[in-house]
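Look at the two complexes coming up: subunit A is in both, with subunit B in one and subunit C in the other.
Up next is the complex of A and B:
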């Protein structure tokens, strides 16, 4: 305990501990607010989950550093009751349904895209829908008329008829044409209140039309979105407990097994020791990452399988040499002789007398080992061998890299998971360094 | 290291030529023992790789695939009238028959234990079979050619990075041990924890800053496309592409490395014989060279060997990040294409590379360690 109190005297260690507590808090928050199944569903659920989020949108906070704010996503659904529909029977068979989406668009920058998701009810004859766009300066633009089948998705930019009707140059997309300020020399959006009018003709008494309009923005949420419109927050949040658990388990797994093997080797000496030494030397030139790659490609990409293999490969790790040197000294101590004299058996001597003496070396080593495993997981993900189910930081970096985040300037995509990785790395190694100096006073002040 | 050993080092050059000869002898003997040891190690490592790879029968498939490839190439290339006149169905039958014969001849129908040793022999002799999809620059599907072609770029990158890293850590370490407690010393100490992140990670940032934002250095690759004609321009282009990956490796390792060296030098510069040299009035530079650096060199080399091994392990990922056309990048592409022969083949090459690195450093160790050179064996420092 006194050692822990001493830790507080090192400012670097205090910073490190603070960082670790932030990470642990983050992990607990993730576990508490977002159950695992929900996180996996949000991360791997498919289009139905993330259809109304923009693609490759930067985080909202990036607007603080911009002169002109980029628009957020505007979603209006006529089915949730916020919009008043008027129904008017025109003839025996035909009923007109009219409603309008009115929204304020305060930005001078353009949205990413506009999509309209229809949800129409009918038995045989689908309703006919026409869309009209009203701009703040009073222009009226006819967008399209179409037959709205039950789950029609109308994507504005893919409508070639609209493109022709708007008569825009090739460099300007249709949705930009709708928001464009015609008076301005430059290509800017006209801020103000826009209206999208829907007028539908239904041909059955029970028939109805609803639609969800999504005006995709260029910023989204706390962490932005990726190429599949997924909210990166999910991966950043859930990556934390996964990274911490993986790093800690791998560090503890490899250190403890290595320690026990070193103790057994030193205690029994002779051929046991020699064998362990030779195995360690073989293990040293074992290409660890390539072997993990092989396991990942041929057998399983599961994080827990990889963890198991890492621990297996780490049993005869380089640490054995260090531990052995210390055990050789401890083995000669009088108290070991005393233990033997009163008849303690080998197991008792190894586990109760030898092992505890190594803790001063073990603890700092263990703490400094944690980041290396966190980065190893990230490295595997970047190589395309990440866990297929779990959202991890490494997979976000991998997705970002493969989808050209660096070339296209989506820096947030790569920087956020990297910052978290860096935070983890620094936190554990700051504490590990301080612990090393406390437990091994020979180096203190050096 | 003790004073007696040191005296022997100093005495050694003044002895008769016979002594020098025996030193060479001893170094050779030491190296030979290490070669034998390392060879056994490589055999074990490759055998382990074979076991891991073949648990799902993958090596069997590779072998069968390459036999089929060889047999069909031979039959389709055969211009003799009896074979050329055959219909494609007859040719197919002929191929099947010959493949079955070859399978039997090579012992692929034998139990796994025996087969595993056959694979081991093939792997050791770099008989790695044929790639499923990847092709070498010269158009060959031989895994051996594909991988050996990728070896020079890997050696250029890692040779440059490791040498630079070694000398940088050494000199910064020495400099800091002289100015122990200075501002620079404390900055290095504070920056040492940044080495917990690996090179590829810093590589991402370097690409972001220098390639994406500032646009002064290339995103990756080894030379400009198309490669420059003249040798000088080629070298310049190579140098330009080397800057970022090499810097990434150095940033990731230099602070911790320099910090460790400096601590080490500090401990050693408090030895009695250093005090003695100071009392004699030798200059700082001389003390450093003869009394601090010289006796610590073997240990420094051993430490560095461990660093290099760790760096080798990280090679596939750094090369992938920088699109460096080396072994690691080939491995990454093989994973993407699910090209199993190349994946297994690169294990073998990596095992050899690691063993060779260890041997090279062992040899240098033997050259600089007086205990090996003057044969003060048996005495532990």
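Up next is the complex of A and C:
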């Protein structure tokens, strides 16, 4: 263990360890804040869950690199008590409810879209609602009047009446018309305080009207959203523990079993060794990727099934040849003979006398192997063999690729998971190379 | 044939190193009765099969080819011979690491090949093994404490306090004190002499009745050799140990051997008490071997010793008859190359397999 303390002397290893700790912290944060089932539910969820997020919105931090900020998403809900409603009895049957959404819109760019999600209470007769738009320069635009059934969704851009009333050219959408600066030559939004007034008439004493206004921005959250309005943070966050677990399990699973099998073969020698060598040689010429694609296509795309197949194919991997070469040497050590002389049995000799000698070779190998399996998982996802349920980095890249992220300029979509993959690879490689130098002092530079 | 080294102790050389004054004649020798026998080797043959193309038999290496002797309680024997004469194979067969193709090894009248696994473990705990290369004999990744507890764990001594008590006792006995300073050390932190003490401690930790020492001092500095030999000698005396001491170095064999066996090409060719063998070697090979022992006396600087020509024979195709006959200066034509000489006893308790002494 003193070897591990030596790591501190290598700056690269310290950086690598820091990066790994960040990743591990990320993973722990994901596990602690977002339970797995919830993550899967969010990731599998459609418009019902992700109704109030924009589509393909870049992360908020991309605004730092822009001259003009893109608008963030503005969501105001009258049901949460932030808005004061006034009720006024007009007649015996009719009550007027009035309220207004007032919000600051400091951008000169336009939002994606505007939707209003109504939540009205009534027994038989639904309320009647009319919406009015007040711009900062004092214009008043009537948007629509409609009968608000219990879960009516009013999408501004799909209202053809509004489109006609606004008399806009075809290239300008209705929501852009509402934000447009009429004085300007160019098509820019007018920054300032906007108000959306709602006046409703209800026809039952218990009846009520609430609505959630969503002004979809062009940036969202820390990581942006994808084509299904999902917050990519979910996948990036949950991809970390999945990637680390997959990489570690695959690396440990393959190298430890390989090690033990090599030790057993070398120790017993004879036909056991010959059999293991022949199986290894056959296994080495089997193409791993096509087999994985076959398993993914015909059997199961589950991450854990793929992991199992990788370990299974890795058991009789090339490592057996390397380890065998070392074991053949160690096997002849006098201390092994001494152990036999005082009666240590085969299992004890293999596990207590042979295996400890190979730890110096194993540990750096293991650490550098981890990212290669993380990459393999991502590669499988890009090939469309990713786990259909789990949010993984590879899945995000795959979605981005399929939806033409690079052609459409949604670079964040593909670059963020790639950066995390590269970070993982770099971190483990830095630590692995340092460990290699510590365990094999001959590799140290003069 | 004279024995320069033995006959004329040189005053300039420390007695320990020239080894001329340490003859022991008090040990139980072959006069002992058969009840006294601890280990008995009878007509032992250990052959290794040679393979051609991985499966065809291409003959055998006859590393040990008909060896018989008895070892008594508390007796020390030295087995000497050149490299490749089969002494290490003989030793490993006694340790139960090789199986004989013919003949048997009996310990306390029990044939090793008939022992059950559990009895074999008991036997292994009664035999200690001291190896040649002390650094290689100690697992480099274990501490001294772990190295010494391993044989006890293997033999079923699981009690921690018993273990640490024994480790303390045995380390004190091999003069590795203060004990606590050494327990957490790894072999590479110790000197060669200390490493060999740990090897001896490991051999002693199960309280054996027999110690098999394979060239225990050949890889140590001359200054340390004496200490290690004295340590072995002391342990033998205080525990009434039987010792099989295997060496090619005649100057150390006298240190604590009661009898010396000379081995050549897989056979014991001469067996006798130390004094008798060194003073009056009977077999021509023994005579040559003694003549080849370097004698640190300036008067010999210019004298040239006659040595038998040639090399030890191949153990795959050993010569017919006496195996030494192609090199023997005194061979009897028509006899030596035809018939294998049996053991003759020209002097009581001095056996030799040579037709000259029929």
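We adopt the following convention: the second predicted complex is superposed on the first by the 443 of 446 C-alpha atoms of A that agree within 3 Å, B and C clash if a C-alpha of one lies under 4 Å from a C-alpha of the other, contacts with A are read in each partner's own complex, and residues count from 1 in each chain.
Note that in this section contacts are C-beta pairs under 8 Å (C-beta built on N, C-alpha and C of every residue); 3 or more make two chains touch, one makes a residue touch a chain.
A quick note: this is a predicted structure, and the numbers were derived from the prediction, not measured.
Participant: Could you tell me whether subunit B and subunit C fit or clash when both sit on subunit A in the superposition?
Facilitator: fit
Participant: Have a look at where A:34 lands relative to subunit B and subunit C in the superposition and call it first, second, both or neither.
Facilitator: In the superposition, A:34 contacts neither subunit B nor subunit C.
Participant: According to the stated criteria, A:252 is in contact with first (subunit B), second (subunit C), both, or neither; which is it?
Facilitator: In the superposition, A:252 contacts neither subunit B nor subunit C.
Participant: Rounding in steps of 10 degrees, give the angle subunit B-subunit A-subunit C taken between C-alpha centres.
Facilitator: Result: 60 degrees at the vertex subunit A.
Participant: Return first, second, both or neither, reflecting whether A:348 touches subunit B, subunit C, both chains, or no partner chain.
Facilitator: So A:348 only meets subunit C here.
Participant: Which of the two partners, first being subunit B and second being subunit C, lies in contact with A:293: first, second, both, or neither?
Facilitator: A:293 sits against subunit B, while subunit C stays out of touch.
Participant: On subunit A, which partner touches more residues: subunit B or subunit C?
Facilitator: Per-residue touch count on subunit A favours B.
Participant: Per the contact definition in the header, classify A:168: touching subunit B only (first), subunit C only (second), both, or neither.
Facilitator: Touch partners of A:168: none, neither subunit B nor subunit C.
Participant: Please indicate which partner A:407 is in contact with in the superposed arrangement: first for subunit B, second for subunit C, both, or neither.
Facilitator: first
Participant: Taking the superposition as given, tell me the minimum C-alpha spacing from subunit B to subunit C, whole angstrom.
Facilitator: After superposing on chain A, subunit B and subunit C come no closer than 11 Å at C-alpha.
Participant: Show which residues of subunit C lie in contact with subunit A when the two form their complex.
Facilitator: 92, 95-97, 120-121, 124-125, 127, 129, 131-133, 136-141, 150-151, 154-155, 199, 202, 206
Participant: Within their complex, state which residues of subunit A touch subunit C.
Facilitator: Listed in rising order, the residues are 333-335, 337-345, 348, 352-353, 356-357, 359.
Participant: Taking the touch rule as given, give the residues of subunit B at its contact with subunit A in the complex, in rising order.
Facilitator: Checking each residue of subunit B against subunit A gives 37-38, 41-42, 44-45, 48-49, 52-53, 55-56, 58, 180, 190, 192-198, 200-201, 204-205, 207-208, 211-212, 219, 263, 266-267, 306, 309, 312-317, 320-321, 331-332, 335-336, 338, 340, 343-344, 346-347, 350-351, 354-355, 358.
Participant: Within the complex, which stretch of subunit A touches subunit B?
Facilitator: Those residues of subunit A that touch subunit B are 12, 16, 281-282, 284-291, 293-299, 318, 368, 371-372, 375, 378-379, 382-385, 397, 401, 406-407, 409, 411, 414-415, 418, 421-422, 425-426, 428-430, 432-433, 443, 446.
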